[in-house]
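Read the structure below first, then the notes.
First chain written, first letter: the chains are A, B, C and D, and each begins at residue 1.
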Amino acid sequence: MSLDFEKEVADVEAKIAEFKTQNPEPTGVLVKELNRLETERSDMLKKIYASLTPWQTVQVARHPERPLIRDFIQGICSEFIELHGDRLFGDDHGMIGGFAMIDDHRVMIIGQQKGKDLEEKIKCNFGQACPEGYRKALRLMKLAEKFNLPVITFIDTPGAFPGRDAEERGQAEAIARNLLEMSALKTPIIALVTGEGGSGGAIGIGVGDIVLMLSNAVYSVISPEGCASILWRDGTKADEAANALKITSKSILQLKIIDEIIPEPVGGAHRDYAGTMKATKKVLLKHITTLKKITPRKLSSRRFEKFAAMGRFK
Amino acid sequence: MSLDFEKEVADVEAKIAEFKTQNPEPTGVLVKELNRLETERSDMLKKIYASLTPWQTVQVARHPERPLIRDFIQGICSEFIELHGDRLFGDDHGMIGGFAMIDDHRVMIIGQQKGKDLEEKIKCNFGQACPEGYRKALRLMKLAEKFNLPVITFIDTPGAFPGRDAEERGQAEAIARNLLEMSALKTPIIALVTGEGGSGGAIGIGVGDIVLMLSNAVYSVISPEGCASILWRDGTKADEAANALKITSKSILQLKIIDEIIPEPVGGAHRDYAGTMKATKKVLLKHITTLKKITPRKLSSRRFEKFAAMGRFK
Amino acid sequence: MAWFHKSKEAAPKSEAPKKEDIWTQCPACKAHIYKEEWDRNLKVCDRCHFHERLTWEERANLLMDEGTFVEICPKVSWNDPLKFSDSKGPYAEKAIENCAKTGMKESVAVGSGKIKGIKTSMAIMDFRFMGGSLASGTGEKILLGALYAIKHKQPYIIISASGGARMHEGIVSLMQMPKTCAALAQLREANLPYISIMTDPTTGGVSASFAMVGDIHIAEPRSLIGFAGRRVIEETIKQKLPDDFQTAEYLVEHGFVDMIVHRKDMREMLFKILKYAGCR
Amino acid sequence: MAWFHKSKEAAPKSEAPKKEDIWTQCPACKAHIYKEEWDRNLKVCDRCHFHERLTWEERANLLMDEGTFVEICPKVSWNDPLKFSDSKGPYAEKAIENCAKTGMKESVAVGSGKIKGIKTSMAIMDFRFMGGSLASGTGEKILLGALYAIKHKQPYIIISASGGARMHEGIVSLMQMPKTCAALAQLREANLPYISIMTDPTTGGVSASFAMVGDIHIAEPRSLIGFAGRRVIEETIKQKLPDDFQTAEYLVEHGFVDMIVHRKDMREMLFKILKYAGCR
């Protein structure tokens, strides 16, 4: 699937595909021609992705083929032992977690899973977690604290689920509780926005010592569509809202809300899983190593100072 | 309402009522006659209640007019500020709690409410608490710990609610969690079985530094009916089971499971609320005063030792 | 009861009082009510028990011993980190207007005072300032209130009245959720009581942060309390929601609010609870 | 795989093997299975994945490094505090019979050993001894296991297999619920890991005490896990319950079990989890 603004890339890609069909085993000048086409494609992608508008970035961040937490786990971890349930009400498939091994580091991984096919998407509520999801996340964080494991959260959600049941079971309380407990947790926390960092649903697992974003991820207090329909009284003004809200990784880094951007391969994470995993793993390992050297008490007081400073001006 | 084995008392009581109707303002010999009747009634009750069988005691403990936790609160406390909800799922009317004042002691009171009329009984699930009830109880105990308030639990339940929803929301987990947390709570806990101490549903709020029973209360691992139908394969053998299970306050004291029996007025708590309240208040005050002098850390380690010793023989 | 101290700038005496000076109308049931009665009733409708929104000064007067409430960070003000503009113009202009309208610099007043002699820190949100929205200045002030409480070993009371995060400050406003909760974690670490009072409305990012992590949760009758908006939920589940959905009473039944307290009883209740919390 | 070490008392060699020595029948699906295959499969039915109940020795052999499991309180025995008798006679007689039948003194074996080199304390319930019921001796042994783990800074693993409290010990058996949980609170205080393994069945007072407060909850496939009995619940709610009600899989879906682990993978999984818990 290619996005609106990738039309010309799609044309070249069609050409490449046709060329490959006609020349299954190209030699000599044909190899050169294929290389030319692929360079053309790559240059186009580079150019397009170098100057994505915020609204285009939203579309990349929401791309149906964008890697999800389970892809990251598979690509980064040599072992994953999934843990289920909040010990209170249920097991939220939209929020998963478990023990994992990254190189020789044992960690706790937690994050939203949007789902790949329709069946999984429905099972996962499209990555919109319910209170039991946030409570499962908290339980696993507390377990990580007890076991001295760093926590890594993968954030990718349109928002917390806005359903009647979710509301009745305390969506607000569950997110609020996580914010409070995460700020005081005595083990390292790394939060990484991989796709959509949607509002309270994102920050509900986003209180990290280090907060990262993939370069084409977005992070916002409200969806551009939602903002547009409230402040522009016109849901189609999402592109304007996306501009105004400053939701791209570059803007968020400038606002000092995140610590670092993980650059995606040319053409976005969905075009190159292996490259995305490699880049992500490298950055995660760097921070795990550094954070592990800090005492738990020092960590939580630093984390408090970090968030206390957000939005403190002059 | 009079119980089966109180038939002859009921006859005298009927006589007294008739006498009073015929002699609204008795004088002289009539006063003497009334006194005689009332003494007869009182002697009968004393005699009957001095030698209740365990199964008869069960009936007294379950008496529909037996004082419930709300009666105790009204009779003992000069103030009650009810607190609601488990902050997770709901507010269980079968388990109530809140701040209360007994003389000049501020305490946290928690316990099952069975309900008086049918409407209230249904609302309270007949005193059979759900997981949210046990979780509300735990929340209030943790609050009491933070605020340095002694906890007093009033136990009166046929058992935890055996419903499908209760099971699905973790009846087992909720009770287990309370047992663990109560054993470690750093504030005094007094547990008082006022009526039916029904199995896991009772012990779920029953882990006290001091455990008390009203004299006609019962405390059992299973209802006599349940035991009879399993071990005698005959539910009607409840009286035999009640005997064998040793569920009366006297037996339980002998087994060193409780610390003290609070004597009920002649004829049972349901015949004399004021007397019951007075006796209960006196004993509670004594223990509150004593327990308040012990440091929180010492308290929880003593509580551990107390329960660790239960069922340790030779 | 006269918790509402007289306004300092009394209306200039004119010959004959105007109709709107004598009568007011309940916004909920539309009943016509004597203004004097309305004020005596602390802006609660006798007919339908609707609790009208109050200004922060009215709340402070209602709850605090007369003249004891002193702001601790009156200079902390709104910010415009995004240089935000929407279809109606720049956020900065709107904020300046709101300052002029309310005499506030942000959507919350934070200070310290006494409730029947008990010293307490208190943050009072004011819906008049941009719908009580949570923005960087709001978060900073709520945090400073917590730190003040810790420093002076006081309890902390926050009175919420907010539609949620202020979009105009984008991600910075979202970060006020963890920021305020982190401050409350510090308060907890210091073992100090925190009472959250939810008034109409307490929704969105405010309900999902500091409002929902109190030791005690009190709500005013019939307040709207919830995370997602009713319309969004109805669109999601394709169902009509019950009328009492997200009311204070509904929240009690679902386990998230300890008690509903009428405005006229709030001061006394706070005093009692603070006593149970060991404050003096 | 050969976790089942050969029984010390091998069957005396007879001329021709009897039919029941060659074949066994799955108690669940009634399939006829070679006894050799049945044992090789650790008493798990290949056809329906039914996990047959195991003795404590089989569990110890299955999970522990060969010969490392040593009981720590083998002398703690059953008690008869109530001098209990039911329609079938005295409890004491029944207990003595159970001792003879199982070679155990109570419904649990508690000891310490190694899992792939990691030292751990372990309590293993055995359903053969009065349905694995929780009585004073059981509670005492489980408590002693926790204290041993604390003393030797080891993790603690409890394998539950129990119908619940043992009525024959009345209130004393009920008190084993707080007693065991109090011991686990001490273990938590010492910051040591506790893994609860629920096997078929884990019900009543065992599910409502030590089995449900683990750092990690593991269940064997299709085990029955629950508080109240199915029949009691059906009588209460006047409804049929779904077939999978109170199965391990159902418990995962409802949030109370972390994972289902097949018997053949249990040892490896425990080893992995203990590594995550920082044990060596």
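Keep this in mind: contacts are C-beta pairs under 8 Å (C-beta built on N, C-alpha and C of every residue); 3 or more make two chains touch, one makes a residue touch a chain.
Quantities reported herein were computed from a predicted structural model and do not represent experimental measurements.
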Q. If you take the mean of the Cα atoms for each chain, which one ends up farthest from chain A?
A. B
**Q.** A-D against A-C, pair bridged by the larger set of C-beta contacts
**A.** A-C
Q: Report, in whole Å, the distance between the mean C-alpha point of chain B and the mean C-alpha point of chain C.
A: 42
Q: State, to the nearest whole Å, the distance from the C-alpha centre of chain C to the C-alpha centre of chain D.
A: 54
(Q) So the centre of each chain is just the mean of its C-alpha atoms; given that, what is the distance between chain A and chain C in Å? (A) 34
Q. Using the touch rule from the top of the page, what residues of chain C touch 2 or more other chains?
A. 254-256
**Q.** Two or more partner chains touched - positions in chain B
**A.** 87-89, 169-170, 173
Q) What pairs of chains are touching here? A) A-B, A-C, A-D, B-C, B-D
Q | Touch list for chain A against partner chain B, complex | A | 87-89, 135, 169-170, 173
Q.
Looking at the complex, which residues from chain B come into contact with chain D?
A. 160-164, 166-173, 175-177, 179-184, 199-200, 203-204, 206-207, 219-222, 227, 230-234, 237, 241, 244-247, 252, 255, 257, 303-304, 307-308, 310-313
(Q) For the complex, give me every residue of chain A touching chain D. (A) 79, 81-91, 99, 106, 132, 136, 143, 146-149
Q: Sort out for me which residues of chain C touch chain A in the complex.
A: 79, 81-82, 84-88, 135-137, 139-140, 143, 165, 167, 169-179, 181-186, 188-189, 204-205, 207-213, 226-229, 232-233, 236-237, 239, 241, 245-246, 254-256
Q | chain B partner contacts - residues on chain C that touch it in the complex | A | 191, 193, 215-216, 252-259, 269, 272-273, 275-278
